[in-house]
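Here it is: the structure, laid out below.
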Amino acid sequence: MNNSPYSLKPASVQSVMLRVLVALLPGIAAYVWFFGAGILVQIVLASVTALVAEAVMLKLRGKPLKPFLSDGSALVTAWLIALTFPSIAPWWLTVLGTLLAIVVAKHLYGGLGQNPFNPAMVAFALMIVAYPLLMSQWPRVGAADFAVQWEAIFGNRQVLDAVTMATPLDALRTVLRDPEQRAMIAGVLGGKATFGNIGGRGWEWIAAGYFLGGLYLLQQRIITWHMPVAFLATLFAVSGAFALYEPDRFAGPGFQLFTGGAMLAAFFIVTDPVSGATTPRGKLIFAAGAAVLTWIIRTFGAYPDGIAFAVLLMNIAAPLIDMYTQPPVFGHKDKRGDSP
Amino acid sequence: MSAYKDIAWNGLWKQNSILAQVLGLCPLLAVSTSLVNAVSLGLATILVMVLSNFAISALRALIPYEIRIPVFILIIAALVTVVDLAFNAFLHDLYLVLGIFIPLIVTNCIVLARVEAFAAKNGLRAATFDGLMMGVGFVWVIALLGAVRELIGQGTLFSGIEMIFPTLSGFQILPVEYPGFLIAMLPPGAFFVLGLLIAGRNWLDARANARMREQRIHHQVEHATDHANSAPA
Amino acid sequence: MIPKLFTFKGGVKPASHKDESADKPIRIAPLPSHLIIPLRQSARAMARCLVQPGRAVLKGEVIAAAEGPLCTAVHAPTSGTVRAIEPQPVPHPSGLPAPSIIIEPDGKDRWIERKAFDYRAATAQKTRDYLRDCGIVGLGGAGFPSHVKLGPGEKGIGTLILNGAECEPWITCDDRLMRERAEMVLAGAAIMRRVTGASRILVGIEDNKPQAIESMRTAVEKLGESAMEVIAIPTRYPAGGEKQLIRVLTGIEIPYGKLGTHFGVQCFNVGSAHAVFRAVAHGEPLVSRILTLSGNMAKPGNFEVLIGTPIRELLPLAEPRADTDRYLMGGPMMGVALQSLDIPVVKGTNCILAGSPTLFPPPPPEMPCIRCGECAKVCPAELQPFELYWFSRAKIFGKTQEYSLFDCIECGCCSYVCPSRIPLVDYFRFAKGEIWAREKEKAAADVARQRYELRLAREEREKEEKAAKLAAKTAAGREKAAATLAVAEKPAATPEDEAKKALIAAALERAKAQKEQVHPGNVSNLTPEQEAEVAAIEVRRTEIREMAKPHLRQDD
Amino acid sequence: MLEAILVMAFGALVLGAALGYAAVRFRVEGDPLVEKIDAILPQTQCGQCGFPGCKPYAQAIAKGEADINCCPPGGEEGIHKLADLLGREFKSLSAEHGVEKPKAVAVIDEQVCIGCTLCIQACPVDAIVGAAKQMHTVVSAQCTGCELCVAPCPVDCIHMEPIEETVDTWKWKYPVVPIRQVA
Amino acid sequence: MTSYLFVVLGAVLVNNVVFVRILGLCPFMGVSKKLETAVGMGAATTFVLTMACGASFIIDRWLLIPNQLEYLRTLSFIVTIAAIVQLTELVIQKTSPLLHQVLGIYLPLITTNCAVLGIPLLNVSLRHNFLESLLFGFGSAVGFTLALILFAGIRERLEAADVPIHFRGTAIAMITAGLMSLAFMGFAGLDKYK
Amino acid sequence: MSEPVEVTPRESSVLRISLRTAAIMLAFTLVFTALMAGTYKATEPLVAASLLAEKLRLIGEVLPPGEYDNDLMADAIMLPPQGSLGLDDETRIWRARKQGAPAALVFETAAPDGYSGRIGLIVAVAADGKLIAVRVTAHKETPGLGDYIDPKKDKNKTRPWITQFSNLGFDTVPVKKWRVKKDGGRFDQMSGATISARAVTNASGRALAWAVEHRDALFALPANGRFEERKP
């Protein structure tokens, strides 16, 4: 027999996760529109791998399969992995990444809800460190039809040279390190400020799709405003300040917000409730910190999109952030910050 | 003799410096990028441990309690320097690879810990044997770590052996197309593999424990049934 | 004048279900076949029983007296005979029995002599003593003795708050009370104001009870009391929690470990005020209360019920439906599931709720916490329930205290919203219990250490004294010893077998000496009486041994 | 070679003198650790740990002579606390020292007691009252449940009774995790 | 000026002692179970390491190099460190018993922290000048402290996690350290800007 | 080993004990320092030989021993820091001669603009203005991606990437074409890791140009001389 309270609000982990998946759909649609259906193959690959890995780990740990397999959290992880990996990554890259995410980053820590690190970002970071080349080959908009992508994923990597290109972020960095070529930056970033050129062709539409999904999550009260606002605002402010200071060296905020995974990160990745900070002030600090680190790594670091590392670095700090941003308890407000 | 068995068992498994005491991690993790590096540093460590255990056990009567730690450190540091110089002279390439990790054997906590816990209290033979076994315990772990990391990282074993035996060369174990999993060679991989090793040790210990418990229960049950059988008589 | 309202953070809005019983007037419940009156009626202390089985009592007669500062008297709810005094199941989550008086009504319901108490002439202390002897405890649920709460505290009480919020779903007893007996409630409040010297009275009522608000406002006007205000507050569970209500009405936040009196406010349930009025104006001690019967029932309603009425005998009044699978005492958010229907109504019982699988479905399996933060959003104590849960689950209690476990008021809001269906409150109750138990154990260990050390010191001293005595004796002792030695040495010179004999003798001697040590002088030098007693004991002992033998053999 | 020895000799002289001085001058007296360990032990004084009481066991732990898993009354929880305090790894209770039992108090069957005072002598916390040749009683509030009085009784009149749960001592149980039941 | 800043930042983040240089791991694993002790250990190490870097620079530059006694580096450095640890203990025992209570138990452990010897040796091989040596020592120690404190934060939370049984304790701590060092790899490449 | 002596710190005994420990410490130090010093003395020649061998091997990678007959170590000159070669330290230039005639220059250079910072190089330039060979001595390029510039890591063992510069001079490859293909030049790059290739290519070109320009001045200097750039 259970104890009070006896009536409960209808809510479940499953419904939360399903709504996150729904929220990803607009972004995925834009992705398919610009870069072809290869991403769908990746999503399927990652999902199947995630479910199988989850099932095996649950079995090994002697946990019931049904409630955990159907909770949808593994699917969220899988989809986010697929969306952050290049859509033409070889199949084993996606599978290996997903496997490590679920087994190491999630189940070795006790599974759902207990992992201190964001599993999807662990996968991304591990893979970009191990296979930098494979992780930085992205198709050019419209250059690879489904057959070519299929070919690239399941076999012949030779087809790639024709269809890949430096992503806008990479181009930016390549240019940055060569002072003679800095003049080119304007060319790379699309001097004509049409929308298609803010974050690189195609990219900003995907970002817009994620933004839409993010609004849905906000409306459903699955995420709060703190994280996305703090992340985007900080990224905007930092990149804006530096772009004003030296415009031909640093990319402006429009580019930073709409390229790479920034929008996805703002609404879907830094917001991961499990590995992030949870107090309201903590969320602001967490997301702002992630944004600053993202900008630093994007601009100066060795890896093109700093989001994964930035998120992992903030994951490390999350327990302390939470500990030191405990909101004052009812009745103890005079002693702000006194609580642990 | 069983005392020596205990010493060996302690060094190799039960009190293994890495798996049980979690000491001496830095050289272990930093130098285990390949089997050859790992074993080389391991051998240097054995050498230092045996020599220092020997020396300190031999000199223990002369060392006053108050300054035992400085004296231990002095002796260990001197021996390490000797080994360092020897590597520099005879295995120069390896010397360059192992870098500061040879001098750092000085601060390898196991050396000092063994000296203080064992050599300073035991006879010459036992102490030397303890140094050897603790060293071997360190070597097999670092060698395993090195082998795993090298294999996963680049699909080879014994690469770099030419630094020691110029006539030999390493083996390609996995197919040449194996893309290599670079992480294994980098610091994160070192931590992961060691984590897995420790978990493996926990698992083995747990299994051994369970088996022992089972045996004991079995024994007891037998005993009890014996008892029950004999009681009515 | 409409005062500025404050808000409290958090809270939830479960479906209210008040309509089922809100328009049912209070009815008097019939006399039950027997009454079970637990000796513990106030929250913290047990009253001392004054009656024996077989004794006839009148309605309102004191049957157990208040003992200690946190205790109140207990009265016979009707006239009749004391049948027994024995442990009976009481309304407690454990379902364990506790000492209770069982009374069989004679059906006449004869009162003792009732006399109004002139509180205007009496000192505040006298009035409080009177209330204690009338058995007045809070009727809001916690059952804390009202006379204690009416005390001046450190600073005295400036504001008196009447809690008419009744925020739990289903319950309407306070609503009905305020609609039907508003004047009595307010008169009770006025008495309390006089006792405490408070300057104003605020009555907080959730705005989903417009009739009650109306009725109370009319009564205020009618009574012509000044500085008495009836305030509608937003409907949100747990607006009726004392701290939350005080916050809403005055903006004051009372932290854990502090009482309202620290801040010059005190909060009482409207039912408590009503009981005070009855006690003072009519001389009627607290022997009945109003409660709601609702939930999965065909005829829900509100009833005035004698304290001690077994639930089983109340239920037919509301006709529970067939699929009822359990009964709750209290509301669905904080109530206690009854483990037996023989449990009686006590002073804190405000509602009996019939539950069915459709009404209160069993919770789906618990999933791990995903740190979504919903619980923190709704926690009225502004805690981080998921952190508390994280550490309670792993039994790391020190950490739970760092996260202010004891500030939790166990309102259940967090469990209510958790998407992982975690029974958070259960974890908190568990953690609190363990911490208390540990503190008790620690205190006990400290006492044990002290006693052990004392004992060691004493033994040390005794040893020294003995040694001193021994030293004094040595002179004589040495001579004696020499003599024995001489005797002992002799046989050693004799042939072998004799030596053996001597050895055996010595061994026997030793054994005897040892035995004597083990039985220190108990059986020698006894007075005749003692000898008789010992003999009797001896006989009993052999008897018992005989009786025990077969068992022993079986055990073997 | 010579300069090497000179340099090091100089260093050694200074250091040796300093250390010798320091070691003698600043030797730490007393061991606060023992108190901390003793505070964790349950003070049952039962000797199951193999030491005559909790304090001696605490001293042995502090000296590193005893393991932390030898006190059955302290249970797993006590071991956890000791492990935390000493920075050691947790070990489960050592079987040779006994098992964790529910708390109990000694009860003397007053009908049988012959008043021999043996139990009084055995009780480490003076929880038994009674004079020679009179019936003895256990003051249950003071009894730690150590069972030391049980064995010495010549007439076997002392037995241990588990402490019964009442409304006052009842505790909320650890919430069952229904997910395991589903499995 | 900025180059000095880069020395410190580089040592704290980019080439973090623990995660990138792989030094000081024994105390990193051993003293990180509780936040409190992590802070204590960090503070003690910071002080000793900074002093050790200064002292060893002086010894190296003025005693060893002029006499061509480089091979005595290991010995003289470690002996110096031991002396500094002892002296530190004496000084704080005299001046601040409170501080001694906080740091006292960590000081002896520092002698076997290989970062304390490794960083001075690295100072030599990186050919730092005196100020750089000091800052490098300080930065490394701050990096050590940072790593230790962050790790302790995670471990305190991990203690309550439902980690698979064989991974409890040291094993999962290792994996966590691995993931932390993975995260710190994100700083790779930042040091080329100095 | 002696047990901790229970002493009450009276001043006299403190002094005595201090002196005693100092003496013992001294004795140990003397013995073990002697041990070290002895080892050092014994290994010194060996260490020196190893160092020399290492250097020669490095030089041998870019300049086969058959190409010269003089003692390279003796025929070296000092090169102060050269910004144009990316060197901020003093280095050496070894001059190879065959039968007395200038044969080649061997010197270090660096590419400051690798993907992860500086790439150290050693080059040999023949007296006739051809680049004999170039090798990487130190780099931090991404393992598995940019590290093919080091022939040890290059997957193509038969013809490592870096050998494509061998025996080329500005006569065969014009200065403008001394670039990677991606920049319109003559040399291959590994797709996806152009930056490393570009850095090495440009640095080797710069080194070649520098050597060609200063060839005569360099060979003219006396052994152990110091090269000073004359500003025209």
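Chains here go by letter, A, B, C, D, E and F, matching the order in which they are written, and residues are numbered from 1 within each.
We take it that a contact is a pair of C-beta atoms (placed from the backbone, for glycine too) under 8 Å apart; a residue touches a chain by one contact, two chains touch by 3 or more.
The model shown is predicted, which means the values in this text are computed figures rather than measured ones.
Farthest chain from subunit E, judged by C-alpha centroids: C. With A-B and A-F as the two chain pairs, more C-beta contacts join A-F. Nearest to the overall CA centre, using the mean of each chain's CA atoms, is chain E. Relative to subunit B, the most remote chain by averaged C-alpha coordinates is C. The centroid of the Cα atoms in subunit A and the matching centroid in subunit D are 53 Å apart.
Centre-to-centre spacing of subunit D and subunit F amounts to 65 Å, using the average Cα coordinate of each chain. With centres taken as mean Cα positions, subunit E sits 38 Å from subunit D. For this pair, subunit B with subunit C, the centres built from the Cα atoms lie 60 Å apart.
Each of residues 64, 67, 104, 110-111, 114, 126, 129-131, 302 in subunit A touches at least two other chains.
Multi-chain contact residues of subunit B (touching two or more other chains) are listed as 64-67, 70, 74, 78, 81, 85, 180, 182-183, 186, 188, 192.
Looking at subunit C, one finds that residues 93, 363, 365, 367-368, 423, 426, 429 touch two or more other chains. Residues 1, 4-5, 8-9, 11-13, 15-21, 23-25, 27 of subunit D are the ones that touch subunit F when the two sit in their complex. Touching subunit F in their complex are the following residues of subunit B: 59-68, 70-71, 74-75, 78, 81-82, 85-86, 88-90, 92-93, 95-96, 120-121, 180, 182, 185-186.
Listed in rising order, the residues of subunit A touching subunit F in the complex are 130-133, 136-137, 161, 174, 177-178, 302. Of all residues in subunit A, only 60-61, 104-105, 107-111, 114, 116-117, 122, 125-126, 129, 293, 296-297, 300-303, 306, 308-310, 312-313, 315-317, 319-320, 323 touch subunit E in the complex they form. Contact residues of subunit F toward subunit E in the complex are 33, 36, 40, 115-118.
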